[in-house]
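Below, chain A partners chain B and then partners chain C, in two separate complexes.
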Partner chain A sequence: MSNRKEFSNSRRKALKTIGLGAGSAAVGASLPLWARYAEAQSSAPIKVGFQAHKTGIGAAYGRWYERTTNAAAKVINDAGGINGRPLEIVLEDDGTDPKRGAEVVEKFATQHECDVAYGTLFSHVVIGSAPRAGELKLPYFVVSEGHHVASGMLNRYTLQPGITDVKSQVAAMAPFVSDNLGKKVTMIFPDFAFGHDHRDFFSAAIEAQGGEVVAKIAIPPTESSFTKYFPKIPRDTEVIYHVMVGPAVLTFVKELGEFFGPSRPEIFGFIDSLEAVDINSPGLEFLDGTYFWEGNPRYAQDNQSEFDKAYRAAVGVDNNGASVSDPTDVSTYAHMFGCWETLHVIKAGMEASGYSGAGDRAKLIEAVEAMSDLPHSHAHPQGAKLFNGKTHQVFGHQYITRVTDGKLKLAHTTSIEDTLYPDEVDYTTQAF
Partner chain B sequence: MRWDFRYCLYIVGLVTSALLSMSGAALAHAADQAFTLLLPTGVYTAVGVICVVATVVLVTVLPERWMTGFTATCLHRLPRVRGFSTVTSCLSAGLVLMLFVLGQIGPRDPLANLAPLFVWTLFWTVFVVATGIFGSLWHWLNPWSGPCRLIRALLDEPPRLKPANGLGCWPAALLFAAFAGFLLADPAPADPARLSGLMLTYWLVTLLGTVLFGPVWLRRCEFLYVTLFHFARLSPIRWTRAGLRLGWPGWQIAGSRRLPLSLAVVPLLVLAAGSFDGVNETFWWLDKIGINPLMFPGRSAVVVPTVLGLAGAIAILLTAFGLSLWIGLRLAGDSLSFADALALFAPTVLPIAFGYHIAHYLPGFLVEIQYTVAALSDPLSRGADILGLGEFFVTTGFFYNQTTVRVIWLTQGGAVVVGHVLAILLSHIVAIRVFERPGQAVISQIPISVFMVFYTLFGLWLLAAPRGG
Partner chain C sequence: MDFGPYLILASLEGAVAASVLALTAVGLSLVFGVMRVVNVAHGEFFMLGAVLAWFVASSIGGHPALGFVAALLVAPVLVGGLAAAVDMTVLKRVAYDPERTIVATIGILYIIQQVTLMTYGPDARPVTPPFNTRLAIPWFEFADGRVQMYWPWGLSTTSYKLFVIAAAAIMLLAVWLMMTRSKIGLVMRATQLDSEMAQAFGIPVERVYAMVFGIGCGLAALGAVLIVPIQQAHYLMGTDPLLLSFIVVIIGGLGSLPGTVIAALLIGMSDGIISVFYTPTLAKILSTLLVAFVLVFRPQGLFGTRERE
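So, the complex of A and B:
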């Protein structure tokens, strides 16, 4: 017991920043397998319940979330695991279904005896599952980018330390749009919560920059042709901000191109529209010269870091963001880094708290809440981050790329400060 | 050169190939559904419908004797190996038990566990199609007849119980509807533990029924038996004790005796379930039940509408088909009873159900067969590589590429169109057989032909419609 305590304490000291954790991981990788786990009293695996969208509407993301998760788990295990114990991923399919999501969380806690739950993307599944995680006192690490964590609607057991939320992403776009593309913006968005978030967050942010949203064009979710909406775009529009999703997104781009022809305003969009779609697909020529938000640039950039290089290699993604085994299989590169980084935060949190079992779950959450600077490293290949322990939300750099010569080339990297907004909750005041 | 049914098929084949060859000239566009929405599916649909209308016209104007190609040739006698089907059936039963164990102790991921992959991909997708092509494989591979024979040999006495005659095959028909309900409406039909538990329960209950009642249980109460019985009749091949018989696809349906009504309506149930299995994903349906297709709330949120929708689809199809048939009978002025007509003509829709089956499951198959190969190489998800695949990544890149999306869509559309063409031919041949005068046969087919043309339009619309959920 004392051995483990000393080990944990020394790790805690060493992990003032998580980048050092990655360093120790690299050392561990050179040890033979038996030696890597030898220092732990228990070699029983740390079980991370992976709530995966294997089926349902999130399956396209789920496949890449799983691939990234497996790659991160392998890297962590090759480097000695967590607190000297191997990391085991226990996958359950949630069907991208909130009700099943809650059942899966319960299975993790009661049936599989997982130490934590992790991995969910779709907002409604997070919102459906988080209350159950709270009741079961199971730390629930989501990779959702929804604002529901930082908004205060969830609970102390739910954290989002590996991916930024949509409010900060959208707000951080406003300075670039206003300074470089124009101040009069027309927003085209799907008419439901996802689109409304963009509408509300960006409207406020662009006004703070001295710009204005001259039109807000809400498209019904069941729409599959858009030509009748384009005449509503005001003539004095300088920038179109679009964030269409769903099967009709390519039709939207094509019809927008046909509507404007060669003379178009500046166009800015969220890559969510074209995540996993080859930017060179026929019909997308119109997007040449337009700008996109990317959580993580799909194409390897001129200033590519060694961390991104290693991360791509581990997940099996080439320099165009596609699978190394099939160049037509484009990854969900803008989002899936969140899985890699979240697993590394779980590792760092467990090491910092000396986590040894379910009884230490509260200590684990406190350890993660105590984190702040997460430096750009092998553990955080997307870039440096700042974790807010009160709101359980991480903040980080956002990337704006421009479609140039058939690739998404980096045009701007926001500062972390651009993404910050006032706290809306303090989860640390909630009892465990 | 003698004109007969083969030349009719040749003409239909030419028109269908014209449809398929349009893939080369089609406008370039294509991502999963997103790329499909950019295809000129309106043109494809029009060509498909024209194919079906042309078939209707051909079978109406061509002389009756040209429809005589639906006969079989006995190729050669097959050597009989005593006990062969008992062995294969017992092996199949062993597979059921093995899948049950894998479902219980194997990976929880439905795309890594062989139990759901076997049931939904290798059986419900591949085996059903293989049955439609190669005939009654279920005779050898059903997991009951072999074990039942062994048990009966041990008991050394014949089955004592007899099923009530009035029941017919209705238990199997109802069980098929329940199976379709599970497939479409259950929140997690691929959950390895639940699915394998249900599979074993069904296997045990059916085995018990077969031991107690004899093989008649399989013919009356086993829904896979009756479903695969119909699909096997679509095959050019018929395996009989006398030998292997070969004819044009559907010859067994064209020349069939009148089936019991409870057995004859099963193709309509299969078609209704297959049709609704596409409708329930469309924006149109989701909008009707008040669901945002871009934020689908999960299958557990739509269980009731899905069950009601399935029931509604069965009711609508039975009504529409029955009404077409009834009007046809009235127009023809024949003394054939409606029940007899339904029993004779309902099996002719089977090719459409087969076409829908191929169209509906093709995209899923292309992905799930990769997961199946990976799972066969590592059945317990413990890092094994039995098949020596090395690093193996499942890809869905073909859903995001204009060429492959077009090929996939046209294959689906081609299956739907060919299914309708064959159904029209079969229906017409059955009409020639059962009506006394050729004129009656032609007139009786007018409403059914209109129904088929609209069903083609519906099927191709379904393939082209935006989907969520």
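So, the complex of A and C:
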């Protein structure tokens, strides 16, 4: 204190500023270690680097992932933050591009000094970014659905605690398809990692049910015209299994309808083919009576839980799955709950590990690995989940809805047990 | 699917692609032919046509046909006007120097793309077609010793796709008539043959250049308006048309309109047919290979004439 007075007497502004700095440094140094620690803990926000698909082919998902993330951060902050510290979301656009994805992860670690990175959806971006996150020892929480986490392809720093993976989803879908729709299936899927997961795991799962995949039609995710692929659908197909991503999904489904006309086979689709698209768009009438997998039902169902109600309201989604401010802005409801739930897992993990800074990143991962039952709650509005700490992958209920009177009505809910498969990796044996 | 119906379907799909490609590529070829400018931003003017079509169609209520017709009239004119302005403010300033125009149009490419991203956003948005009826196509087979007609599964097209083919054909005919029968065409051809001599004869070459650039980009925009009810308007949709237009223009011969149309049909149809029977990747490999062969063995293109020295 005497320092400061001495300098202020000199009346020279520049020196005064320096003096202030020196004074406060002196005060800081004189405090015991624990008090400085408490000071840092109470004021500095916890920074979550949000790798968002703001542009590029994943932009529709990016828009809704961002809204969900902001809503979840607000809920967490309104309830007192994490370990008493506010949660700050640092958003960077990855352009849905793997190369940019890795750069963004690097930015989070070195430039923004984020505590964790989070939020990626497209599997090629995850696969492109995860190795860099591992090298930087930055926990990387993905919301991607791909099987790459549980397959053992990635590393100990990459976790997927908020959304189930394709392998478990299709394992639970295959019995429904073969029992209710037919045994001879033609698959149409995007030609990259996510689509290959569908191809490989659904083929195996339907064969286990006594069915068979009669044709596998891969379509590049940047394709804009689809009719030319459909003649490869064999005449004896009983069920079309479709999953498509990218900006042209509406064209894809419309052309599928135009191709079949009045004599369509049974159709089972992953809602990815129509995420962020109104199912009542002109040209989609033929979908009436067809089935969709949904990670979380877009339309509010008769048995809607109080948790879904609160989550829907917090994000700003109406009962038809569109934005409350613009009914034509349809959400990616089947996927974006993963952001909400992942942020809550990060919070729970940080609280369980007493996370205080970058030095505790390994402790955070161990705390998340120790989780198993995640009950249906405000933190997990999609449903109860089971986290597997060894494979870093969460398992949960899957929903099958049927297009009825222009809405997606719940037809079947799978159990968590339907979605389980044997572990393929034990990340906990890898060193940090 | 049987071979016959399969081939018909592939040809129909190929014809739709070829007709839009022909319009886009003729625009590129016109600009190169008359101005000797390689317009790298051509695909972005195509995209702009689609995006403007969405703006126009969605701001006009009532029957979808109203919005579509308005888009068909307004979008190409707006894009053409913008292109003419670009010519006067940018290309003229760099004196149409070949290297510098390439760099300048690359800059324009990014400006248009990013401004679209900042205003229109990253979403794909549909324009409702004015009419769209599914037309099933019958096929014939020999059964029990006589010809029988049947309706193969999936062999169909839509009334709108047929309209796209017809509209593109009419527009190409109009461009050809303009170039060969009208005063404007005469002036353009004179400028193409020798711009200095044309200037000496009192042709306002600078204005001709602005007009040609406007018409060329307007044709791309028109192709985009025609395709946008089938596909959707998206800020990244200009890349493929640019690449394919270059392929077409190189094969057909830079600056040759008939060559461009024939090359567009060749590339569009073969892309449709090869994609259906084999894979789309093979179709791209073959068309790129064809470009390589043309460049090696006939650098002026199939229908081009050698530069006069």
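The definition used in the following text is that the second predicted complex is superposed on the first by the 342 of 432 C-alpha atoms of A that agree within 3 Å, B and C clash if a C-alpha of one lies under 4 Å from a C-alpha of the other, contacts with A are read in each partner's own complex, and residues count from 1 in each chain.
The rule is short, and it goes like this: contacts are C-beta pairs under 8 Å (C-beta built on N, C-alpha and C of every residue); 3 or more make two chains touch, one makes a residue touch a chain.
Since the structure is predicted, the reported quantities are computational estimates derived from the model, not experimental observations.
A.B. asks: Identify the partner contact of A:281: answer first if only chain B is touched, second if only chain C is, both if each is, neither if none is.
C.D. replies: In the superposition, A:281 contacts both chain B and chain C.
A.B. asks: In the superposed arrangement, does A:250 touch chain B (first), chain C (second), both or neither?
C.D. replies: It touches chain B and chain C both.
A.B. asks: Let me test your reading of the model: by the given contact rule, A:54 touches which partner, first (chain B), second (chain C), both or neither?
C.D. replies: A:54 contacts both chain B and chain C.
A.B. asks: Once the shared chain is lined up, is A:100 touching chain B (first), chain C (second), both, or neither of them?
C.D. replies: Touch partner of A:100: chain B, not chain C.
A.B. asks: Quick one: is A:303 in contact with chain B, with chain C, with both, or with neither? Answer first, second, both or neither.
C.D. replies: Neither chain B nor chain C is touched by A:303.
A.B. asks: Of the partners chain B and chain C, which touch A:92 in the superposed model: first, second, both, neither?
C.D. replies: Only chain B is touched by A:92; chain C is not.
A.B. asks: Go through the superposed model and pick first if A:429 touches only chain B, second if only chain C, both, or neither.
C.D. replies: neither
A.B. asks: Applying the touch criterion given at the start, work out whether A:323 contacts chain B, chain C, both or neither, answering first, second, both or neither.
C.D. replies: First partner only, chain B.
A.B. asks: Examine A:190 and indicate which partner it touches, taking first as chain B and second as chain C; both and neither are also allowed.
C.D. replies: first
A.B. asks: Determine where on chain A the residues touched by chain B overlap those touched by chain C, and list them.
C.D. replies: Residues common to the chain A contacts of chain C and of chain B are 54-57, 60, 63, 224, 247-248, 250-251, 276, 281-283, listed in rising order.
A.B. asks: What residues of chain A sit close enough to touch chain C in their complex?
C.D. replies: 54-57, 59-60, 62-63, 220, 223-225, 227-231, 233, 235, 247-248, 250-251, 258-261, 263, 276, 281-283
A.B. asks: Over in the complex, which chain C residues touch chain A? Could you list them?
C.D. replies: Counting only chain C, the residues touching chain A are 1, 5-6, 9-10, 13, 17, 117, 121-124, 126, 128, 132, 134, 136, 153-154, 156, 158, 230-232, 234, 236-237, 240, 272, 275-276, 280-281.
A.B. asks: Show which residues of chain B lie in contact with chain A when the two form their complex.
C.D. replies: The touching residues are 28-38, 107-112, 187-188, 190-191, 283-284, 286-287, 292-301, 391-398, 400-402, 466-469.
A.B. asks: Quick check: in the complex, which residue numbers of chain A touch chain B?
C.D. replies: Result: residues 52, 54-57, 60, 63, 67, 90-93, 95-100, 124-125, 190, 192-194, 221-222, 224, 245-251, 254, 276-278, 281-283, 316, 322-330 of chain A touch chain B.
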